[in-house]
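Take a look at the structures listed below.
Here subunit A shows up in two complexes: once beside subunit B, once beside subunit C.
Right, the complex of A and B next:
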């Protein structure tokens, strides 16, 4: 009986692939997220740089404000098939460990965010930063990876809480954005520290460390509470 | 029996709190020395800091009872958690208002984004206001369970918010408590401790009052349901 049960890793892979395959076939979430990110950048440009002001000093802030809002959109969409097509009911009757449901969801959100960042980071650099060096983009990529960890872990947990709520589309941003403020502060600080020729690596390291700590803390919170999320 | 005991406990706490608050107000305004730099406006410190500390403790109580609720599923623990968070939220509003008044007097402006503690309390306000939005959006047992989970996540966000705001801004807030001890005279410290005790009393009084009210509410709903079943 036990021998027939797939390993923890194989179950995780199956769940993650299910989400990614579904997204690749429908492209419901990803296209909307990328377009939203581009539109949000335009809004920032016309709201703050309409008179030709140089926005390079706030480019990190623009990038992370855009990504935080885009993350809310992606996280909100991430549980939709589970609810609308009753996938969750099916998953809950299988003997899949409950932590895998959260981890696979976090993995999918991580992948969506990464896909958006592949477009958004170069765009912000082109639109707002003067004199960006290619090496800096790698450092900003590391910030994206660290920030995505925290955003996806917390996002998958909070999206679960909003799943069965009334007015969930409104509830999720209200729940998610205040907890996301530390990520926005640290990630935009780290991005700004290596943008446009200002190479303040000590500040960059401090912010990256903070992003790591943030991911670990919310990882622990999610680990301690996941059983109670899927209790029924 | 239990109701009588809780009512008596509430009466004792209420009376003690009233006495402590009166003594604290008298001491702060008539006995405690005036600050050499800031003058009379420094008196707001006794209220501002006490409310801030007790507010944070209220959120900690909310998270601890949230954890206890998840372990036992006893609705009474959820009552304590949600009431404590409600009081913490009200205290946070007061912290922001008193902080803003203090900022106007000290720095000449109602709001400064460079003060990490004040900014943190605004973030905390948003975090815990969302707690009540979540509570009102979910029904039944899920409401209790999800509120408990969120109370833990929100409490984890508090130090992270403070730290992130602090590293991002220059530090201009008057630092009264340092690792080397309290940076104020003994007379000031005594009256601060009295006002802190009074604020703890206010927290405990409201907590007990709300708990009794919720219990009465639940009892009344049970009676109503029984009457409806009989009719």
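Right, the complex of A and C next:
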């Protein structure tokens, strides 16, 4: 028996590497998320207006409604290999701290969302915004990072909670989407504040601060509850 | 490993009801009983996968639940399923577990483990392409990777091919003085022939806990009486 205490960083790296390897092998989650986001935006484009119409005023809402729905898809795919291939007991019987399982899952969701945003943000600009400055995209990138943090922490916690529930496919969106509303409102507001040349930086900062606080609050909730999620 | 007064309820039903269990170093204990007797529930409590509703449990020298993370470092668990990712290769699976156990000499252990279970030549193929027996042999390599002091085996022979069964027989026969094993099985003859002691459960309660000696077939008649 190896008595050395396993390194937290090595365990986290191994869990993230495992998720990356599984995704590269199966391409189950990321491809579906990107396709979903593109299709959702096309639907918004057809629903909201014809060619040439300026939809700058609603572009932030369209982007974040799309990303919130896409996040549901990604979070729903969390723990699918562990559940379908019955690997969870194998992970839980190792000396890996339970918070690390939660953090690694949040890391994977964060990475998936970021990859979707790399496609979705330019698409929103092309479809819906006129006169977008390149500098605005950097500011929207910061909104994405902050919003992803909140979405991934909350998504990871709810995915773990739903893991042991019977109607998990139903339960997860019902719990997740309402909890995401503050993120959608704040991220849409922040995106709107810097879209289409209307640079209202004071409003932008306020929304970004809200997104940061949201991520911290749900980080604390996750920290307070993770032990019970797995061990009770 | 020592547990006393262990109780686990699912709703109104007590799956494990005031069970005392102990295992000395070097000992192999077979837990027998009919379906629904509480064998797997008891093993999952010892494996720290389920928390008892009441009772005291100490595993690998650690009192649970406080010392469960340290206790887990000493447990090797093999269930009905190999507990490996089907879309990863055997090597990638074992690399993951080596990191989770914090093994310093992971590469050597992985090579030795794959050699031991006869999967070195297939170590870069996805587990999904394996037969059930091969996957279960990989599960055995996973369970033994960190050289555990307590082996917890839940119907370990189900799905194992002949080579894997011989290998597991060898592991159980050669526990040494520092290691112990608890094996849940419904195969009475195999349990009696491999273990030094048997614990028989019926409806969540212990109806027999004693060393076994003599013919497995002679014990079978007694077992049938106990669980009837």
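To be clear about the criterion, the second predicted complex is superposed on the first by the 222 of 232 C-alpha atoms of A that agree within 3 Å, B and C clash if a C-alpha of one lies under 4 Å from a C-alpha of the other, contacts with A are read in each partner's own complex, and residues count from 1 in each chain.
Heads up, the rule we're going with is that a contact is a pair of C-beta atoms (placed from the backbone, for glycine too) under 8 Å apart; a residue touches a chain by one contact, two chains touch by 3 or more.
Just so you know, these numbers come straight off a predicted model, no measurement behind them.
In the superposed pair of complexes, A:22 makes contact with subunit C only, with no contact to subunit B. Of the two partner chains placed by superposition, only subunit B is touched by A:229; subunit C is not. By the touch criterion stated above, A:154 is placed in contact with subunit B alone, subunit C being left untouched.
Of the two partner chains placed by the overlay, only subunit B lies in contact with A:175; subunit C stays clear of it. Of the two partner chains, subunit C is the only one touched by A:92; subunit B is not.
Under the contact criterion defined above, the residues of subunit A that touch both subunit B in one complex and subunit C in the other are 231.
Residues of subunit A that touch subunit B in their complex: 154, 157-158, 161-162, 164-168, 171, 174-175, 177-179, 181-182, 185-186, 189, 206-207, 210, 213-214, 217-218, 221, 224-225, 228-229, 231.
Of all the residues in subunit C, the ones that touch subunit A in their complex are 47-49, 51, 60, 65, 68-70, 72-75, 77, 79, 81, 83-88, 92, 95-97, 99-104, 126, 142, 146-149. On the subunit A side of its complex with subunit C, the touching residues are 1-7, 10-11, 13-15, 17-18, 21-22, 25-26, 81, 85-87, 89-97, 231-232. Here subunit B touches subunit A in the complex through residues 70, 123, 126-127, 129-130, 133-134, 137-138, 142, 145-146, 148-150, 152-154, 156-157, 160-161, 163-165, 167-168, going by the rule given at the top.
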